[in-house]
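Heads up, the next two complexes both have chain A, just with different partners, chain B and then chain C.
Right after this comes the complex of A and B.
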């Protein structure tokens, strides 16, 4: 299906979707092109802003000058996160948290993940280690082993429910069934857990997770929280689902399962892209384009034996040296050099050295973003997405 | 203290082969291995059961041994040998003269050959470089070295053989100048035990000189590191060799769902040297791509290296050293066996066992060439179709291993080593290389009470580090995508970096 838009966004991940929301709210006609469901589906669903210190915003000041956060002012960062929260609460997926306060949420290994905004189902996941926690697991659930948590918390207990299925998604599916939920709640009540908080792996349904969560909390009269699990992660899927609905509500056109086959340029302008993929090919015309295809993991960048390319427009890619220097020897050392790879942009998010004026770049494809090292994944994606949309929306 | 007749040091193919040979001749024995079976060169080779073609021109004696052993192993080991056949491929620019020498040498050695036109070769292996000049078909096979070791051990255990894995020889006990036993130390408990025997067989491969030196002797050998790469697809159903003198990256072997390509040959001093250099990967991948162009776009899921214990040569190219083997009698109650290759492991075991019989003044002859390997019917998860029948509680989706399989092995062998589970079930051997399933397998193991949650976390940490070491030299393309995902799971979701 051909179309003409004010802005065409390539990439349906966090950054691209938030840019689309921002542009649609400015009254722009927007299309989003995506090869498939984004990697945020595989994430914990939490919004990491910057995993350093107590106040993530304070830490941004000490990031290197070339970090993409440096292109976004504090006001825009705050406004973009607020926009995200508003959108998600409209989509039955409310988030809680304070942009000035990191929180430490419990992981399936009994360790902590530092993050900032969390789905309401994880509101109580940051707790004092003296407090009693009761971990709920599911019989034969293959991605959750409660001993990892209970062995590290002296003041803890564990009970196992038989859901009759063993994968995260199939258990979550069962939670959308009224009878199953009631059985679970009555089993949980029967445990007579004496005190403290109740931790459950993140399987409390898909579309109605907040309702399921609220009902369990109310019936038990306890602080309940979800623990995000390995992919496929329900909170990640809920996040994607919420944003996708927000786009559809705003009349954003989605070209899903499509990728760029050819690009039409005129002088310093991109005029249109032709998309290939399942079904018929489509020519999509735009006044401006946003590139938000992500890093290697999302397919926005592709590395060969000794070089890297940008897969949509073949933009020049910054690459930190030869392959021997891409990785540390230690898997666990923070930040392999390869994470610095990406597209270098100017103050207005335009790629440098490309001579294209109506293309803007945002999200983890930006050079020097190093999202694993700094723990800034979704936060940086949201902030640069909205910031790039602001610049581009004025022109388109 | 354990008392036995023969102490075998080393659980590679040779050591396991000796255990089986002695078992079939009724000789009490005890095998000691510092890690798991096939942990050295045996498990780090490309699993090619040579037809002898590779050595026909330069080393006809080794070639003839390979050929006859190939014929024996395909008969006795139907469940660990895949009769793939092999091709020697001549590409534009490859010497015609070498081709003629090759055919002549194969004929002299008795290796059957068939010269195939390009179109006929492409019918057999459609993924071949279509500009090939010709291909020569030989009876190469693919062999699973780990299964091979396990099956040899089965014969030994059935007859009362004592098998100690994860036990390291720390000393050789000598009395009146003769070796009378060994002291071994268990890996996880550090418990030291004494084992007494009449003869010690040093089958420690690349570590052979270290063992011999414990008895005040030495074995002259050259250590040669060979690196390999693994693809996530089976790009060919036949073994592919380059028709030219032995060189880096000239062999590709299909193995279950993947392909292995190698190798390199670099002289090293330390048998524990197993680092793969990115430059080696580039050479192998580039060479393999010349034979199978798909190599250029296929995901490489792993690299690994093994150290070959070659017979000592006086300098020069390691590749020119004979791949034959030698038995050294140290005249102190210890025999060392060195050199050789996986294909000839049975023959090596036969020859050294003959020496044991001679020393004992016994005449029972070797039966390992006639008796099929025992335990093949019960081989875990073999063939793949048996795994496909049970699709419940799969913990390793790549290789279809169930939670029950993991639990059973964990209870059976009381293992504390994730590697033992992987070798016995193929867990973690597929495209994700244990990225998802190791976490699960360890979760199950700590639930069985075989290790504490904290211990299993340590094992997971070590596993991830080792996995990364193996993946890092070939990390680009789709494999880099996968790696970023795995990193985000363990560091971003689980908080694994906090495990010290």
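Right after this comes the complex of A and C.
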């Protein structure tokens, strides 16, 4: 279907979706074009803002000058995270946390991960190591080994429930069935766990997870929390579904499963993109465009042996020197130089050296974002998405 | 052999989107059934993966994969392989030929409509592997293939062939005629030439030969009209997917590409007429809160949600779009006893999401979705065009449209 929009966003990840929410709320007519589902589906669902230090906002001051956060400004960062929370609570996926305080969640390996905003189902995941933790798992559940966790905490125990199914998706589906939920709760009560908190892998339902979680907590009268799993990750999916539904509610048109086939330009303006697919190719026209296609994992950037390209508009890509310098010898070392690569932008989020005036770039495709090194994944995507939308909204 | 499967990075995004593997542990899901298993398959070996049939071809995996792998297509090819080499159960044979079934049923409609709800009939159907949890759709004697074949002014600048599909033809011919008359009222010349089933049910039941036979016939007829300046209009989103994706794709029919490039969803076409200022309709208010269940195959078409674009213009109409659930019926899939449990579980989940927003009615472009979801939610279901036609019936009289003037 052809269409004419104020703003066309390429890439339906955290950044593109938040830009879409912001623009729709400004009254703009918006379309999102995405090749597929974004990496937030694979994430813990928690919003990392900046992992270093206790106060992420304070830490931003000490980031290198070219880090994308430095373009955003504290007010916009705070406002964008607040906007995110409002949207998610309207979509049955409330988040808790304080922008000024990092918190910890428990990982399936029994370690802690530092993050900032968390879904309510993980509100109590930050516990003191003296406190008793009872880990629940499911019979033959794939990729979840409670012993990893209990081996790290002296004061812990573990019980296994037989759900009749063993994958993350199928157990989560069962939890939305009343009878299953009641059986689970009465089994849990029967365990007579004497004290402390109850940790359950993140399979407590799909769309109605918050209801399921609240009911379990209330029935047990205890602090319960979810542990994010390896993908498929329910909290990541709930986050994605929540934002996508927020877009639909705002009349944003989605062209999903579609890739850009060609771009029409006139002078310094992009006029339209044509989408590839079976049948007639759709022509999507816009006054302004936002590029939010993510980094290498999502396909926004593509690397060959010694070069990198940007897949939608063929923008120039910044690379940190020659291939030899891209990677650190220690795989687990924080920050490989290749993480710096991406699109360089000016103060108004326009790509430099491209001479296009109505294109704005946001999210992990931005050069120097170094998401892994700084632990700023979703937070940076949200903040730059909303900031780029603010500039773009004035124009479109 | 198609090598797209090599692009798979095993991210599991498709797995998260697969409705079937979520409720049926016997189906390993799109990643394993698609790209993972593909590396062990060869073109000249018989598949032994019995579970391959459990995929409903909802295409959700295809829409979600960020790396262009298209597991649904890999699985479909394997289903066809499997179907060609193994005995197909009676239920599959019946549904592959649902076109003839519909044709016969409509001739003897009064008898069929009375027999279908009877206990004995149900028991017999069950023995043959056909599920009866849903009330069977009613059949009509006055099918579309027996209706007036053209409507609208001969000299209209806009001309379309209406590909109405089996569901409208046999089960809702009244709606088919309304759509025809509606298009004519927009100043469009409408032709409903003789046509057969799009072929999707045959393909979905592993019978590619029958599917190809149907597709060839349709493509020849449609291409003839396209050459004379007609566009093709469909309302059923699964027919639409067959015309645009499978005719030039797996079915490889002559003129497939031409048909694919010239087919429009009805609502997409109406929006196009508006964009071109061919019509400037006034939308009359329709005061309802509706849940719009997006059929999986509308998502797979990748044309956005055109009916939603029209709903926005209808005063008083409050629309909540629901696209996270598959209704579970997937055409004839859920009518097979072996899939009944899957279909029922998915149907209940999708219906719960609908009931949760407490709508006056539910809307869906797919006849199967409507049957399934009306059954599980108890909420009446309509096609989006029914609302559109209602809103524009009056609005067209007062509007300015140039259709047919030159």
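The rule is short, and it goes like this: the second predicted complex is superposed on the first by the 393 of 396 C-alpha atoms of A that agree within 3 Å, B and C clash if a C-alpha of one lies under 4 Å from a C-alpha of the other, contacts with A are read in each partner's own complex, and residues count from 1 in each chain.
Simple rule for what comes next: a residue touches a chain if its C-beta (ideal position, glycine included) is under 8 Å from a C-beta of that chain, and two chains touch if they have at least 3 such contacts.
What you see is a predicted model, and the numbers here were worked out from it, not measured in a lab.
> Chain A superposed: clash or fit between chain B and chain C?
By the criteria stated at the top, chain C and chain B fit after superposition, with no clash.
> Output check: A:303 vs chain B and chain C. Expected answer is one of first, second, both, neither. What do you get?
first
> Is A:166 contacted by the first partner chain B, the second partner chain C, both or neither?
The answer is both, since A:166 touches chain B and chain C.
> After the superposition on chain A, what is the angle at the C-alpha centre of chain A formed with the C-alpha centres of chain B and chain C, rounded to the nearest 10 degrees?
90
> Quick check for you: in the superposed arrangement, does A:96 touch first (chain B), second (chain C), both or neither?
neither
> Is A:275 in contact with chain B, with chain C, with both, or with neither (first, second, both, neither)?
second
> Quick one: classify A:42 as touching chain B (first), chain C (second), both or neither.
In the superposition, A:42 touches chain B and chain C alike.
> By the touch definition at the top of the document, which applies to A:191: first (chain B), second (chain C), both, or neither?
The answer is neither, since A:191 touches no partner chain.
> Look at A:263 in the shared chain and tell me whether it touches chain B only, chain C only, both, or neither; answer first, second, both or neither.
Touch status of A:263: no partner.
> Counting only touches as set out at the top, which of chain B and chain C does A:145 meet: first, second, both, neither?
First partner only.
> In the superposed arrangement, which partner chain does A:220 touch: chain B (first), chain C (second), both, or neither?
In the superposition, A:220 touches no partner, neither chain B nor chain C.
> Working from the superposed arrangement, determine the closest approach of chain B to chain C, counting only CA atoms, in whole Å.
5
> On chain A, which stretch or stretches are contacted by chain B in one complex as well as by chain C in the other?
Common interface on chain A, chain B vs chain C: 42, 166, 231, 298-299.
> Any idea which chain A residues touch chain B in the complex?
Residue list for chain A touching chain B: 39, 42-44, 107-113, 140, 142-145, 147-148, 151-152, 166, 228-231, 233, 295-299, 302-305, 323-324, 326-327, 329-332, 334, 338, 372, 375, 377.
> Over in the complex, which chain A residues touch chain C? Could you list them?
The contact residues of chain A facing chain C are 1-4, 31, 35-38, 41-42, 165-167, 169-170, 172-173, 176, 207, 231-232, 237, 241, 244-245, 248-249, 251, 253-259, 275, 277-280, 282, 298-299.
> Spell out the part of chain C that touches chain A in their complex, as residue ranges.
Where chain C meets chain A, its residues are 11-13, 15-18, 21-23, 25, 29, 62-68, 244-245, 248-249, 260-263, 265, 268, 271-272, 275, 299-306, 308-309, 312, 320-321, 323-324, 345, 349, 352-353.
> Flag every residue of chain B that touches chain A in the complex, lowest number first.
Answer in residue numbers: 278, 282, 285, 392-395, 403, 436, 439-440, 443-444, 446-447, 452-454, 457, 461, 464-465, 467-469, 472, 475-477, 480-481, 484-485, 487-489, 491-499.
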